[in-house]
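Got some structures for you, see below.
What follows is subunit A paired twice: with subunit B in the first complex and subunit C in the second.
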Partner chain A sequence: MIEYTPQNIRMWSLLGSCGAFGTAASALPEIDKNILILTADLCYYSGLTRFKETYPDKLINVGIAEQNLIGVAAGLAKEGFNPFVTTYASFASLRCADQVKVNMGYMKLPVKLIGLTSGLSVGILGPTHMCTEDIAVMRSIPNITILSPADCTETVKCVLEAAKINSPVYIRLTGSFNNPAVYKKDYDFHLYSADTIKNGDDITIIATGSMVFNSIKAAQILEKRGLNSTVINMHTLKPLDIEIIKKSCKTKLIVTVEEHSIYGGLGAAVSETLGAINRKPKHLIIGISDEYKHAGEYKYLLEQYGLSPEQIAEKIEKSYKET
Partner chain B sequence: MNNLEKYTKVFTETFEIPEEEVQSLKYQDIKAWDSVGHMGLVAKLEEAFDIMMETDDIIDLSSFEKGKEILAKYDVEIK
Partner chain C sequence: MQNIIKKCNHAANRIRLDIIEMTYSTGSTGAHAGGSLSMAEIMSVLYCAVMKFDEKNPCKENRDRLILSKGHGVMAQYAALKHIGVLTKDDLKTFKKNGSFLYAHPSINPSIGIEFSSGSLGQGLSLGVGTALGLKIKKNFSSKVYVVLGDGECNEGQIWEAAMSASHFKLDNLVVVIDKNRLQYDGETDTILDLEPFEKKWESFGFKTLSVNGHNTQALFDAFNTDHNKQPMCIIAETIKGKGVSFMENQTKWHNCALSKEQYELAIQEIGGAL
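Then we have the complex of A and B:
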């Protein structure tokens, strides 16, 4: 059983989102005896070493064969199993796009696909392994719930919730080893309802994944400059919490922040919602610009794309002054 | 409880081993000190001594003895 003690929360943060997934995975067979975990040669990297030792019959490593991975998982789902599948987010969303579309989207088979190291965290491996397009791909395929946890504690909660859903789910894991904690103690996690972390009257910052922490820090910088921000954690990207976006229209500026392309991700989803509203504020989309930068360390790449808390605060302040 | 006792207790409780096995213990000597156990150990050390360890120190914490050196950087003397 998972306990949300301060020590466990710190341990998950230290492990990073992949390790936190592995810890949560060990609790899954207690929720559902039909749980299986499949991976494409990323057993250790998915934090599944202990799971493999405890439940050797519940772990299937298909080797480096990601498209086959989805097909095998779909077949097992069809037979009544509850399969969780792990691979790099770039392979899950782009290499396997057809398998995801047909087996998860079209056939609605309840595969739980875990996109490891999404965003820039494996930037040292270059753009082949970085993943800045997965939300766009997954959002365009019907019938898939998309979750994007803000930190490692929320990763654990998302994984446990996903096990209870009898339909396809994609969980986008961002951040790296020693991932900062947004939630330092246990809290109520409500699937499909965004979480307002902080209230402010001037600006609404809607963030997802690793960018929730950076947005909280950016809001603190802005506060010192006299600008008060609401910060919302949009952990469920599909279906989107439309009501909270409507409420955000009371502020003078809406900002979306994501470790994903500025096209097709959270910014696009919020923009599509705002398009149907008559009176709405300006919307600033902060994310990965439309280019592939050279391979580099995670922190370096975040700065290259302007996603550090200071850079986010600068962009927001500039945009607010122009409204 | 002095710092050495506190430090030793963190190891014995984290890895569920007797005190006499702790002194020469190194990373991955036992099943419980794997990557997950390692982060559990760091989290407990941080709480016990009210510190926040740097990433390099977390990686360098390769044995019971090495841990004493690392904690000294945070003004925690293990005696």
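Then we have the complex of A and C:
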């Protein structure tokens, strides 16, 4: 049983996204007796140590073999199980792109795929372990719901909600240990409906994953400079909350912020929606530029790509003044 | 026993006739006749003598599961499903036609016994491992999982990932059948990417491994009935690509082919003569 107490929320933040997933995982068998968790030699890394101790028969480790991982999970899903699968986001989306396409997209087998440490959080390990392409890959494959929680509390909520969906889901986990909390107490999470965190008349900032927190901070900086922003947490990237994007057209500038390539991610998804609207504001896409930078620590890499709150605020202010 | 074998031999020839009919019906587009013809006995023995499969209820929980990983050979499976009464002659006429449920590569359709989609090679054994694991977790100890691979398909790394996991999880409810027709798209398997020592490879991956003549239904039947306690089994079926049609046998160019009227008539005559 998950309790959204302030103490738990603080603890999940400390643990980071993988630890938060592990916490939620331990509650999954209470939701559905057919839950199984599969991993490719990342049991400990996925925060599943407690799950393994509590439910040793529900944890399947296939070794370092991600392609097989997806297929085995798909076979289990077909036999009526509700399999959650963990591996690094980069391997989940890129190494296994064809397995995801055939098993989850084409056959619609209800595998719940968890992309660990997406974005730049393990950037010290180099571009092989960073993942700035997964939204683009997953978004182009039909029939997969894509979730991108803003913090560890939302990670827990997304995992529990995914267990109730009888179709394929990809959950993109961003952030690191000591992940800042966007939600400091319990709140109503509505799958498919974006969450408006604050309202402002000048600018709409639509962010996803780890960038929701940085966007809130950026909005605070902008406020001191006389610019009021609405901040939206787009936790469901597919299907996209089209209505909230339409409503955002009231402001003079729409900004999307993501720890993902500027190509194919949230910015592209919002842009595709805006394209069909007659009168629309300017759209600024803030994300990872089209290059692999040198390995580095998370905070360092965020700054290298211009994704700190100050840098986001500066980009937005400049763009707003140019409108 | 002799009756069962006779039945399987007859079914294999009926399957071959339908493969030729389907291939001819695609006109100049053509179809994967060679690798379908090589599988005729594998399909006939599985459907007519080995598998628990209720043609009136293909989704029955205690059925055996057949996964055709080499999806391009699906004409042999469609023909077998017609032979046992799941599909009709009219169904087969829609093969590869716009809007038909009988794709050139199988598309998941449990109601007719197509357990999974395939076509992207190398993925079926992983599905078989997941299915066999699932059956064990569900305590369904009566059903078996049969996965049919091509030998060329074993170039794919995922096959070996799956093979390792099959023996690691002691899946004695899993049987791999390899249609070893020795030819792949670009030529002979040993010139493209040599698989040998093939039998030793499967043995070393933890499979009870047998090599049999894949056109000898008695040998196949005996192989399927071999005990493989606490380990998965691999049956390497030595076959001939294009088997049953003289001008197609052992010819790479008949991997995917279109038949002229004359070729069609000759093929029907040759297979029909064996009936």
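Criterion: the second predicted complex is superposed on the first by the 323 of 323 C-alpha atoms of A that agree within 3 Å, B and C clash if a C-alpha of one lies under 4 Å from a C-alpha of the other, contacts with A are read in each partner's own complex, and residues count from 1 in each chain.
Quick note on the criterion: contacts are C-beta pairs under 8 Å (C-beta built on N, C-alpha and C of every residue); 3 or more make two chains touch, one makes a residue touch a chain.
As the structure is a computational prediction, the values presented were derived from the model and not from experiment.
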### Query
Once the shared chain is lined up, is A:T23 touching subunit B (first), subunit C (second), both, or neither of them?
first
### Task
For A:N68, select first, second, both or neither according to whether it touches subunit B, subunit C, the two together, or no partner.
second
### Message
Which partner chains sit in contact with A:L76 here, subunit B, subunit C, both or neither? Use first/second/both/neither.
### Response
second
### Task
For A:L14, select first, second, both or neither according to whether it touches subunit B, subunit C, the two together, or no partner.
first
### Task
Identify the partner contact of A:V102: answer first if only subunit B is touched, second if only subunit C is, both if each is, neither if none is.
second
### Query
Where does A:D57 make contact in the superposed view: on subunit B (first), on subunit C (second), on both, or on neither?
second
### Query
When the two structures are laid over each other on chain A, which of subunit B and subunit C touches more residues of subunit A?
C
### Query
In the superposed view, which residues of subunit A touch subunit B and also subunit C?
none
### Task
Would you pull the subunit B residues touching subunit A in the complex into a rising list?
31, 34-36, 39-40, 42-44, 46-47, 55, 58
### Task
Can you check the complex and tell me which residues of subunit C touch subunit A?
108, 115-120, 122-123, 125-135, 137-138, 157-158, 161-162, 164-165, 168
### Task
Would you pull the subunit A residues touching subunit C in the complex into a rising list?
36, 57, 60, 62-63, 65, 67-68, 70-81, 98-99, 102-103, 106-107
### Task
State the interface residues of subunit A toward subunit B in the complex, per the touch definition above.
6-8, 10-11, 14-15, 19, 22-23, 47, 49-50, 53, 177-178
